[in-house]
Each structure stands twice: as structure tokens, then as C-alpha cells.
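Have a look at these structures, which come just after this line.
Two complexes follow with chain A in common, the first pairing it with chain B and the second with chain C.
Coming up: the complex of A and B.
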């Protein structure tokens, strides 16, 4: 109880700072933070289906793209902005429902592959569709009449609002029957079923929620950059970055993906700036280190038990390493 | 508590067959479970006991034959539907939800088998099931911290939390020592006294003989015996197929000099 109250106070304090920041910082940092919020929402979306249900939706970027295209097409058709964003979230949820219905009946890893295939299928469909989607040429959006400085600050707050909303949804989920159903089926689907859980329905609902989050920020992103094409809208790299953030912060926790998003961005910015020529390598090393040393993410480290477990793992790893080095010297 | 006093079975399995590719795991098996009865389901490894329980709980997939619960056909229904109707089970290989506490593990059944239940009632029900199996003091730890005996009892509590009328137990005593087995035996008796009807799959013959009103024997997927414990363990077919001569002699000796 006190732990969750502490994190709530922390979150509110961080929120207050983030609300003031756009009036203090320049456009570079504004852009960095806006994209942290954006990928943070994608990470929360993954958290729902991967963290809670244990279904690895590597291809969740499909919904980012669907949301982006829905906003682009509806804005071009003259829809009001809020309606376009709602349509993006809803359409993504519907896509997840329709494809989840057959795919989430399959247990385990088929789903991970099928979700990636879904992303690729959308690329093909839009490339061949042409017309309102622009096909291979890409699709420009109506340019906002607002001054850029104001517009970028509005988009900053839209993305921040989306992150707050997504985190609130995950918090509600963690307390709800659906949340319990997902955490149960993550470990044993048969076990959950014989205790009365409709696992297929729970999984589809989870993926639809996940998709709605991802699709909505995809839509805001399209409005932000004003020109979209399949390679950037359906970029699986967004899923991958969100994945690292989620793992880094703590899979299946409420604030983990948010903490992970900021931490990842700090590390990535440092690496990008200092070692531009080997940043992928360093990022890879970083990811492996995270998975080995803090498999439950950094959030549990805030508690004493979590810290002890992590130092024990670190100690174990260094002992093993020294044993190995020592053995080699003896030979 | 036998067929004569309660003519309508609460569970009626009729002509059930299950095939896995070329393997016939269960062949034309029929048996009844009457209200308040404890039926032992025994037989060598691979005889089809677990598969038969899977058919009843809806996990087996395609199969022939029918299963009726309280007069209503349930074969072909989804496992969660069957669970909500009142059939609970444990798994031979325990399947705890590792990222939920012991109490939360048990709450799942209480939560999903009566969807309109208040969360306070859910918690009370889960607590009650935990107390019953003697895990009340382990409520807030993770199941990975439990001993095997405690995990088996957690499996039982999870089944009880669904408020079942029929309970299917798949080798809840396997791997346990004498004292732990006696504890489970007492627990099963208590559960029956609460009004449940129980199918017990078990290799521990002493326990089977102690608690069962009737024993059904499977071999290579076929039912080879069905009757009162004493008659079944003295059946030469059962002795040669499963129990072995040594058990038969020991059992006969016990009967002569109790």
C-alpha cells in the first residue's frame, strides 16, 4: 500500500515537472520528450499483452501504422481532429479483435510470428491499395495553421496525455478481474480455464486494449510529422524499442514501462551522441546486460529485496566470470 | 452412498474414446459417479486416467462418447464453462500461477466461477479454501516458495475455490511421504463430508483402499474392472494387469489378521 502510494506521489511530481518543461526547454528536447512519451505508450500497449498475458506481440507496430493511416485518411476527408484520434484507437482495437479471434486461439509462439506477419501484410495491402492511402508515394496530411512552436507544444501534451491515460488503464487493469485472468493464464492456460477463466476472450480483450493504445499514438504521430509512408508507419523498430523499454522498466508492472522509456532514452541519447558508429552494438550489449542482471526491470530495485536479489545475481555473475578466467589461467 | 440409494449419477461417462494419432488413449470407457461417492480410478502409467479426466473437464479436444453432469450433456463444452457448472480438478503436474500469491492463486476460482460476487466475498471464499487445506499462513507468499506437499494442497484449494460439486483429483499424493498422505486422505474425507462427489486418480493403493467407495480400473485405455474395493483388488485380471501378486498376497494376509 505504502509502496504504491509512494509511486503515485512520485508520478504526480514527475507529471508537474513535465507540465512546466515545455515552456522552459527548446525544440530539440521537446522533440526528444515527445517521442519518449510516444514510445512509452507503445511500451504500455506491449505491457498489456506481453507483460500481463505473456503473449509476445512483436508485431504490435501494425497498430501504430493502422492508427497513423486512419488519422491521415480521416483528416484528409475533413474529420475533426479528436474524432480522427478516436477512430485510430477504435480501428486498431477492431483489427486486433478480428485477427486475435483466430490467432489467440493458438497458444504460445505462433502468435509472436503471426503478429509480425500481420505488420508485413498491412505494408503490402497499403502499397497495393493506392488511392486514399497514397500507396508507395506516401500520404501527406493537412498542414495545421498553428504556429510551429505552439503546435509542437500541443503535440507534446497530447503524447503526454496519452501516456498518462495508458498508464491509468494499466493501473485499472492490474486491479481488475481481466488483469487477474491474464496473469493467471500467463503461467497456465489450462489451469486458468479449469478455474473458470475464458482465456480466449481475455486474450482478445487484452490485445484490443493494447492495439487501441498503440493505434492512438500512431495517429498522433501522423498528425505530428504530417507525412507518412508505410516504411515509417509500420516500422517494426518501434515495437523493438518499446520492447526494450518494457523489459528495462519491469514487465507486467504499472510504472515500469514509463520508467523504462525515460531510462532507455537517456542511455540511447548518450550512446547516440558519443558512439554513433557502434550504437547498435552498444545497445545490444546493454539489452543483454539488462536481461541478465535485472530480468524483472529496474522498478523492483527500488525495494530492498529487489536490490538484494539483483546484487546477488551480479555477485554470482562476477564469481562465475572470475572462476572462468582463473580456470583458463591454470590451463 | 451407493448406486442403490442414489440412482441418478451426478457424472455419467458414456462410451468415451480418445485417439492421439494412431494411439487409442481411451477406448469405449463408461462409468458413473453418484452423489457423495468417492470413486478411485487406477491403472498402470499410460492407461488413460489423465486423458479421461481431461475429457470430463473439457481439455481433451476431439473425442467420441458423451459426458453428462447432473443429467446435462457437457462434452464439447469449453473448460471454463464446465468449471463454472461445478466440475473442478487438480493437475498431476501442479500448475500454480507463479506470478500471483498463494491467496491470489486461489482467488481466481472464486472470482470467475461466480462473476457477480463482490471482491470481499471472493477473498473470504479463497481464505476459507486456503484454511481448509492448511495453507492459511502461506497466503501472501509466492507458490514457488512452497514445498511439494504444500503445492499439492494449493492445487486442491484452487479447485475448491470454484465451489464445485464434482472434484477430479489427479495424483495429489504422488511424491508425498506417509504423514503428508494421511493428511490428504483426511482432507479428502472432509471434502466429501461437505457434500462433494470425488474421482481420485492415484497409485497409492493404501489411500485408495481407505477412501474409495468404488474402484474403476483402466488398462491400455480400456476399463477392466468396476466395483467395490475388495472385489476389485481380488479380481485376478486387476492383479495381473496392475497390482501384481505381491500386493494381492499382502492384501489377503491383512484381511485374515487385521
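Coming up: the complex of A and C.
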């Protein structure tokens, strides 16, 4: 069995287990897993712009907040739920496209700071649009007529579906010309330009994809908690946790952010359960140790021959992809 | 002979610091043109202007009869301009084959596989390490990969910046032979930037001498090669 087929079989088996779990676990673990899926999607979104394109968008939480407010406002206006979620993803992608045009001209820590500033700017905008957003008082969402247990299971499956969809998008991206262009510009932007890559368009597209993922789960989160306000919707801590998960699992890999999300949440929950008073300290020590000992993430480490072999396989996959892409054009 | 590339009164600057003054330059179709000069003469800046990485502050860049001064770098590749940059600048995190395929990124036509076969023909050692990350290659292999990557674009104008830098003479001879072959067999027009004046003027048909951002001499390569003023005044190689 080839490596990619093994990964697919493992992923399908994991999905089957996750599909059964809500009917056998309690509400606490249901909430924990729903949160894991949610931040896992945010991590996959970061993976697109950070892992593939090399742009450290610490302020991606801005899109989470935009998605949350779009769903809140549209549901209050009487829109159907699926349309509200689609609007959340689209609005976030448009915001990324509009602001990406000037911001993605910045590089390195300048872009990272600018993305954080975008998040802060949105907080001010929401606070000053009180008539629509509820301002500092927050915004309630329509209460679902469903029984709470059923609603939480539906939220669980919505978040799981979003994670599967986001991972599928990242897989497709990794196999596409855009993914190829992003990996090139991550190495050298001017180098990619002289190869014919329209780097501005590639970066904006990547950030819009990243934002659409983040905004969609922001919208689902708003529907889940039924009341939003700026400090929780635009909480940069969401980006930070997702960033850690991405690093933990394996930056620039398809399943790394997913693995990182589970690992982070499991370790954090275990530490919290056993060492309540010092759990943040111990979690910090764990993360520092992981970053120092496994800088490329745990997923590549778990592969039999380590990161080098994983890179070679990734290279091999891309090599096959190159042949496929160009062969397709030749036909 | 018509010029595939012509620069007229080109000036360029990095911020406030001007690096090129009133450059007139022509690369004739199907010929190799050398651009020589000492360190800091402005050779690489001129290559950046031609490839689109540095916008000129004045003057015209004429390629195939059209002014491309405002055409972005990525669009110039589609017009047939490929660059082998100074220091090779391979994508270290991508494999050799992926680097080569990136050379054909802007191409939407048939024949990428055939071009790849030609690269293997010129540099057979690359085929055996096609899956290896480019960042792990030796200097010579990197330069072969960089030239191969440019070949994949099937360029009409090939810009080669400091090809011989840091390489063993035997490797430089092979690379020079490849350039000659590309020029003679395919009719590729080549602009070669070199600090090694002997090498450049040996390969080239014409030469330009740059000094502190200005063209100070130009003519047939043979003439320049035998002109003691080139060495004495600009290369610091007078006997």
C-alpha cells in the first residue's frame, strides 16, 4: 500500500470513528472535540497563507470575527442558515482580497504586524457600528428551536465537516499550480516572478482561501454560542492557538494542522485535569520543548524515516504532479 | 542584424541612490552579447532592469519592437525573456525537477517534456538527482539546474548573470559550451554578464564595458578582447 493510500485509509477510519463519537460521549467531550475541529480549521487556514506562502498572518482572527458578525447580522435579518454561512466565508474572502492588495506587499514581520493591526481595526469598526453590530454590548443571535443535545451534535458535525472541507482544499492546493507557485514564492518572491508567477495574485488568492475557511468557522461558532461581542469574536488568541497547532503538527503539510489541533487539545486537557493550578506553565514548557526538539512538527517526525524522507515524498508527489500538470496542458 | 533587445537612455536607482546613467545597449538577434565590468559597475542592476525586477527611472527598454519598461517581470517571461540570476537563486525547498518545471510555469504550449529531455541531454547528472532538494546541490549542479530552468522557458532572450562565479574551470567550460549550443543550435539570443572578462569576450560576439553605471566602451568582442584599455582602465588586469 502506498503512503498516500495509507493516509487516506487512516483518514477515513478516523472519520468513521468521529462520526460515531457524538452518540457515545458526554457533552463535555462533545464540546472539546467541537472546539478542536473549529481551531483546526483556523489552523488549516493559517497553513495556506503561512505554510504554503510564507506570510505570517497572526491577525487571521479578524476573519473569524468577520464571519461571526456576518452570520449574526444576516440571521437577525432573517436569512436562512446555510446562506448565512456561505456569506460569512465569502465576506471574509472579499475582506482578505481587498486588504491583501496593499498588505501583502509587506513582508516578514511587517506583514505579521499589519495583519494584527487589521484585527484591531475591525474591533474599532464593530464598536462604532453599534446600530448594526450591537457595538460594545454585543449581538445576540436567534435561538435555535432545536433541543440543545441535537443542536450541539449538529454543531459538532458542522465543525467536523468544515475541517474535512478545509483539509480537502489544502490537499487540492498542494497538488495545484497555485500551490506550486506559493511554495516557490515562499522560497524567493523575486525568483518566482522571473519564473512567470504572478506573485501578487497568488498571495491574494491564498489569503482569500485562508480567510474563507476562517470566516466560515467563525460563523458556525457564532451560531453555536448564540451571543457574540468583539473581544471574543476578534480574540487574537484563536490565531495564536491555531498557529501553535500548525507548528505542532507540521507546517506546510496537509494533515499537520489537524494532527496539531488534536495533540494540542489532548495535551492541554490532560495537563489541566491533572495540574489545574499550574496547567498554563506546564503547557508552556511542553510547547517550548516541542518547538526546540521537533521544529518541523510531529507529523513529519512520525513518518518512518523522518522529515527528510517526508520532504522527499512531498517532492516526489510534487514531481508526479508536475508531470501531470504539464502533461494535462500538453493534451 | 536587428536588435532583439535595445535599451535607450535607461537610468535606474535603488531609492535615492542612482546606479545606472543613460545606458544605450543592444543585443542583436541570435548573437551573444557580453556585459563586462568590475564589481559594482552596475551589471546586475542592468540585468534586473531587463528582466523587470528593477523599474527604470528613465529611458526605454525595447524588446522585439515593443517598449516593455512598464511590463512586470512575470509577464516578460511569457514574452520570451528568461533569467539565470546571480548566485543561481534556486528554490532550495523544491526538488531539482520542480525547479526545472517552474521554468516552464508560464508556458501553455506543448513540449515541456521535450524541453526536459534537452536539459537531461545537456546535464545528464541532474536526471539522477531529479528528486533531490535543490538546496542540497553543489555549486556546479546548482548552476546547471539554474541554466536548465531557464532553458525550460524556451527563451528567445536568455540573460545569464555571473555564470562562472565560484565554480571550477572544468564546470565553467561545460556551461559555456551549453550556452554556445543554445545560441548556435536554437538561435537563442544571450546577454552574458561576467566579471571574468576573458571568458565573456571569448564566448560573445559583441561586448559592452560598464563602469560606475555607465557604458564606457562597446564593440566587437574580438576587438575588445585585444584592446589593452579594457584591462588597464576597467579590469585592473594590466601587465
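In this text, the second predicted complex is superposed on the first by the 305 of 331 C-alpha atoms of A that agree within 3 Å, B and C clash if a C-alpha of one lies under 4 Å from a C-alpha of the other, contacts with A are read in each partner's own complex, and residues count from 1 in each chain.
Simple rule for what comes next: contacts are C-beta pairs under 8 Å (C-beta built on N, C-alpha and C of every residue); 3 or more make two chains touch, one makes a residue touch a chain.
Just so it is clear, the model here is predicted, and its values are computed rather than measured.
Taking chain B and chain C in turn and counting the residues of chain A each one touches, the greater count comes from C.
Of the two partner chains placed around the shared chain by superposition, neither chain B nor chain C is touched by A:269. Contact with neither chain B nor chain C is seen for A:231 once the two complexes are overlaid on the shared chain.
When the two structures are aligned on the shared chain, A:27 is found in touch with neither chain B nor chain C.
In the superposition on chain A, A:137 contacts neither chain B nor chain C.
By the touch criterion defined above, A:186 lies against chain B and chain C together after alignment on the C-alpha atoms of chain A. In the superposition on chain A, contact of A:195 is made with both chain B and chain C.
Contacts of chain A with chain B, set against its contacts with chain C after fitting on chain A, overlap at residues 177, 180-181, 183-184, 186-188, 190-199.
Note for the complex: chain A touches chain C at residues 177, 180-181, 183-184, 186-188, 190-199, 311-312, 315-316, 318-319, 322-323, 325-327, 329-330. Residue ranges on chain B touching chain A, taken from their complex, read 57-59, 78-80, 82-84, 88-89, 91, 95-100, 104-105, 107-109, 111-113, 115, 158-159, 161-162. Listing the residues of chain A that touch chain B in their complex gives 177, 180-181, 183-184, 186-188, 190-199, 252. Chain C contributes residues 51-53, 72-74, 77-78, 82-83, 85, 89-95, 97-98, 101-113, 130-131, 133, 149, 153 to its touches with chain A in the complex.
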